[in-house]
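So, here come the structures, one by one.
Heads up, the next two complexes both have chain A, just with different partners, chain B and then chain C.
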Partner chain A sequence: MAEERQEKVTTVEFYKEITSKLGGETITFCYQCGTCASSCPVAKITDRFNPRQVIRLALLGQREEVLTNGAIWLCSSCYNCQERCPQKVEIADVIYALRNIAISEGNIPNIYAEFANALLSEGRIVPISKFLEKKRADYGLPPLKPAGIESLKKILSATGFDKIMPKKGESP
Partner chain B sequence: MTVYALFLGCTIPARQPHYELSARKALTKLGIELVDLEGMTCCAPPPLQSIDLETSLAIAANNICIAEEADLNIVTLCTGCFESLAMANTLLKEKPELKARVNKILSSAGKEFKGNKEVRHYLQVLMEDVGLNRIKQSVIKPLNKLKVAAFSGCHLLRPSELLRFDDPERPRIFDTLIEALEAKSIWYKNKLKCCGGLLRGYADDVALAIARDKIVNASSAGADCIATLCPFCFLTLDLGQMLIKTTYKEEYNMPIIHYAELLSLSLGVEPKELALDFHKVKIDKLLEKIG
Partner chain C sequence: MDEAKVGVFIADCGGQISKILDFEALINFVKNIQGVTLVERRSEFWRGQGLQTIVDAVKSNKINRVVVAEGTPKISEIAIAKAVEEAGLNPHLVEVLDLKDHCAWPHRDTPKEATEKAKAMLLAAVEKAKLLEPIEKAEFPAVKSVLVIGGGIAGMQAAEDLAEMGFQVHLVEKEPFLGGLAAKAGRFFPTDDCAICIQSPTADLKTVAHTSRKCVYRSGFSEIPNLNILANSKVVKVEGVPGNYKVVVERKPRYVNEKKCVSCDLCTSVCPVEVPDEYNAKLKTRKAIFVNTPLVYPPVYVIDEKACKFYDCAKCVEVCPTKAVELYQKPEQLTLNVGSIIVATGFREYDPSVIKEYHYGEYPDVITHLELARMIDAFGPTNGVIVKPSDKKPAKRIVFVQCVGSRDRRWNPYCSSICCMISLKHATLIKSAYPDTDITICYIDIRTTGREHEYYYERAREMGIKFVKGRPSEILQDPATNTLVVEVEDELLRRLLELEADLVVLATAMVPSEDAKELAEILGIELDQDGFFKEYNAKLRPTETKLRGIFLCGGATFPKDAPTTSLHAHSAAVKAAKFLTQGKIIKDLKVAVVNEDYCGDCEFCPVTCPYGAISLVPKENGHFVARISELLCEGCGVCVGTCPVGAIELRHLRPNQIAAQMKALLSVNGTSKPLILAISCSECGHAAVDSSGMAMMSYPANVRVLKVPCTGIVQVQHILEAFKAGAQGVMIVGCKPDGCHYEAGSQKAQKKVELAKMLLNAYGIEPDRLEMFNLVYIEGDKFAEAARMMTERVEKLGQIQLA
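Coming up: the complex of A and B.
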């Protein structure tokens, strides 16, 4: 009995945590029809990702499992599922909310950390090389206007984005 | 002359000068003036939205603020940039509470999102500002020998509730613009499905399998090329074919070409002015066919 009660408490807390996040608000509308999974280009290729299952596990309160089993990083953000969901669950946005929670706990894939670092230092996630700068000039393209790095840094510091850094060796 | 602030984003200027060149040349020829504004940053695409959605909205809004200050609407080339900026623009215009939250963040940089400007993809500019008639009349080299597999990429269309570009299940705008150049826009299996590009760098095997499907489907439908709008789709399908060759031992030689390049060529721009050497899959045969 005690274990059962514990499970229920976890369930309530995790869905509330998700619905309080930007993007996660609609997760509880899901009635598990599977339209998302059948519309998903990734689920067609691999059983490592199934949007219906991610939502099911999240609603069951399997916080640890959802945030660490790797599935949430396999959404390709194509929004096909969200477009077709009969319950108007904003599935791709729910995945963002789950990723936001995972990353706020230091669980950040390397590729995202690289993008974040480039953004912090250059204002762009794909910095331009000297080679390309010269090529641009050769082709008569105008020099790239400087990115507004000062304003950006203030914004990133206001939201705490600049503090989100990967814990070494813990990337999923 | 219609004037727009050109939002270039990160990938196009740093990796795909052939896209930027062709888009600038074609739009200018069709009477659109493009202004490069100082201070724009990354648009905050899905990888940054994955890190923090609220920060990403603020980054997108900050870019829109720069256009607001210059009193210009924004035109994007990259569909990823279009999604990030158009999504933020719609959300912040229509959700006052969210706008207040984001403006609180922006105030740290002395900025305020007002919500009095539009974010448009260049296909919308072609359809609405230039118009099909003017495009058709400007075609010097009709592409009437080409069968084109149109691939708009996900983020031109979806989430349609916020982007409001075209019907997400039966879009027509991109095909109409291809046909304005007298090419045939063909149907192929899973035409509207993702290229898998956003999984590159995290799950390369899955990304490549999805990209391969795209190439196979366009190939079996008899396409002469796949026309793209998104630099990420381009990279995934163009460079992707090199990886398909080493991983699957298969060779498709399917030319991937940005719509802006097709448009420029049909408007009479010389191939040598278009930095076409940035294509991994060579497009010589396609150029021969165009004539």
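Coming up: the complex of A and C.
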């Protein structure tokens, strides 16, 4: 028994934090039947994501682990689990709520941060590139017009989106 | 009515109360109250010499109203009323109050203040007593006959109990044969023997009736005296009142004369029509004239109306040796006169085809437990062999799926309670017969809460049955091989599994019988949120309904195993017997009465009455008035609190009695604190007041308690009158909102309190002077705390200042 027991901090009221967020209201309905896990196309291909386990950890108050281990970012939002959940846990929406909590604390994977910054600076998640323009032309699609960046910025500013996002170059 | 001559009897409880209260002052005070002709003091008055003192005073005509201050009013009230009645005075002319628990003990630290409060309490009791009116008894007929609806094991056992106790019993079963679910289930846990046996009727002369049980078909069930079995029948109308119902039963034609059929089976051999056999889960076919199994009860063939060609064929008529087949039969209606009704309509399997991901009804090898039970039954369609319905080949890999449509907020949120055991029973039965079968049970939680139930789980594991903790997300079918694949996460391994299976058995939810809703409407009783029949009180009256004459048993109230169903059936039978055994219902007419001059055309009271005792009857010119059934009224007063024009009064608590008590309780203060009136119900509310005193929890003596039957009687006007009479604060003390003894009385009181607060505000009186408290007996401490809190609050607000 040389293995050292890992001490984990339990946040007793984490479930309340989640249920107070939009989409997180139903997390306490969960009774761990596993229907979500065996419905999940992501869980089929990787051990790193299991919706049942995300909810389990959250309900046990493992706040730090849930928000930082990266699993919540792997959900593909197919809503298969949500359709089938016998307790009407809005699983995909709960995961969105968890992502929102994570982002508000600066816990965001680089790829998402890049998307966000692209949105802020260019008005698009995927910037227009020469390659894209060419592809569109090949398919006979008209060239893209520049995004309405000014009005978008106003919206993103009004919703507070620009404040929660790490700035370009900052490491999240 | 003679002039009131009140005798006041004050017990000092062996000096316990007089140590605190100044009895000399009390007696002098009472002697001077107008109308009091006698005052006595003893240690106790509710038994022995004390009770004799009261009896003598009544007999000598010195008094015609009795006020007793006793330490244990709940017990003493009954003894005193009985003695007074025997002495020749109406027992409702007695008023009992509790100077110990409601005054001396909680206020023992302030004896002077307590004495002043005791004066107010005695004055209130005397003033009420002067206004009491005699209440007579009434008799209502109770026909010694019972209708039992449902011929499953619950209905059969209840019917048998009652018939053997001498009641005339009519047992109505909608199917052509008795047995209900038991007839299909084959075997029942926890004994694994036949499902279709019943308790041994004493009608069976050849064997000892006290044997543990008897097959239905050998039981002589039909020969029990007073038992009238009406199979293939349905209740279509119920009229009347508890004790005296008129029930209309419609008998569907059987087309076979029950008295002539000899079960020779010749008819089926000539019948040319073959249809899927629903009784046998459509795993085989049957003829248009049929019996479910050779062992059915009654042992009489029946013709399936939808399948039979009738006179276009009539081969059965020709072949029948006893001329029993009567194709000309028509539906007939009969009217029964019964005193009470027992609902034993059971439950049924939920149709799992709504759960699309399990593909029931689409993949033939996905079946339910009842269908599996037919295969396990040696008399069943496969003679006990477990096969794949798709190709009739033996099923060697079987997966059970638990909680299908139950514990599921989308369909039935409750746990059906018996499905875990059904799966364990079926899995072990199959494994015993075919040890090479590979059986996996996918579960969320295994629930084996009954006696000997956990042993099934143990045995299943010992036999090598596999358990996977996880609810399958989907059942797929390989189109090439027809093999089923069950997708499930083994949560304990945290591994996604794909279980191959020949047969998947769904442990479906158990839901109320299809006719539950219709029957509830016919009977005027309620269903719960899940559609099962709602009992009067889940804890203490599990087989009764709010209506005195209607009882429930078995799966009609919730899915049950056989032992619980038996218990329930016997309980319902005893309750029905107790209700009817005297042949009459005797009750004191402590009921509500309507002043027809005021009443008119609103429909509040019929809706509000928890017992359905109020109906509207036509008056002249198309107007209506409320009519209260003396039999059904329980005297709670909820209608009084609801009537907007004060047209309803309780005979046992007239408005002038409430007003007189209110005035008296607030006439003497004697404390330095503002007077607070607590209007408490006579159930949990009063019990909380009692228990705070019994446990000597202290609160100030400025809090005065006025008892009413139910806080539902409280009108906004009562609250305003309390303030007018001098209260600086008002507390309403009732049962818990969901625990009112008269259904929703305390909820209605809460609404009145909210309304009154608004009115008080409009009058310039602080709404905080009024508060509702919902307490029970074990919350005496909370009553004392509430009384202290309200006192402090009202002290801070100061005297009411009207603008």
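Simple rule for what comes next: the second predicted complex is superposed on the first by the 137 of 172 C-alpha atoms of A that agree within 3 Å, B and C clash if a C-alpha of one lies under 4 Å from a C-alpha of the other, contacts with A are read in each partner's own complex, and residues count from 1 in each chain.
Going forward, contacts are C-beta pairs under 8 Å (C-beta built on N, C-alpha and C of every residue); 3 or more make two chains touch, one makes a residue touch a chain.
Bear in mind that the values here come from a model prediction, so they are computed numbers and not experimental data.
S.K.: Based on the superposed arrangement around chain A, label chain B with chain C as either clash or fit.
M.R.: The answer is fit.
S.K.: Quick check on the superposed pair: does A:F29 touch chain B, chain C, both, or neither? Answer first, second, both or neither.
M.R.: second
S.K.: Check whether A:S77 is in contact with chain B, with chain C, with both or with neither, and answer first, second, both or neither.
M.R.: It touches chain B, and chain C stays clear.
S.K.: Of chain B and chain C, which one contacts the greater number of residues in chain A?
M.R.: B
S.K.: Let me test your reading of the model: by the given contact rule, A:A43 touches which partner, first (chain B), second (chain C), both or neither?
M.R.: After superposition on chain A, A:A43 lies in contact with chain C alone.
S.K.: Have a look at where A:P127 lands relative to chain B and chain C in the superposition and call it first, second, both or neither.
M.R.: After superposing on A, A:P127 lies in contact with chain B but is clear of chain C.
S.K.: Which of the two partners, first being chain B and second being chain C, lies in contact with A:P86: first, second, both, or neither?
M.R.: In the superposition, A:P86 contacts chain C only.
S.K.: Between chain B and chain C, once the two complexes are placed on the common chain, what is the minimum CA to CA distance in Å?
M.R.: 7
S.K.: What residues of chain A sit close enough to touch chain C in their complex?
M.R.: Residues in contact with chain C: 29, 31-39, 43-44, 50, 52-53, 84, 86-88.
S.K.: Provide the residue numbers of chain A that touch chain B in the complex, in ascending order.
M.R.: That would be residues 21-23, 41-42, 45-46, 48, 73-74, 76-80, 82-83, 90, 92-93, 96-97, 99-100, 103-104, 108-109, 111-112, 115-116, 119, 123-129, 132, 135-136, 139, 141-142, 144-152, 154-159, 161, 164 of chain A.
S.K.: What does chain B use to touch chain A in their complex?
M.R.: Residues 8, 10-11, 13-15, 17, 20-21, 24, 36-42, 45-55, 57-59, 62, 66, 105-106, 108-111, 154-155, 158-160, 168-169, 190, 192-194, 196-199, 201-203, 206-207, 209-210, 273, 275.
S.K.: State the interface residues of chain C toward chain A in the complex, per the touch definition above.
M.R.: The touching residues are 357, 403, 407-410, 444-445, 469-474, 487-489, 491, 494, 496-497.
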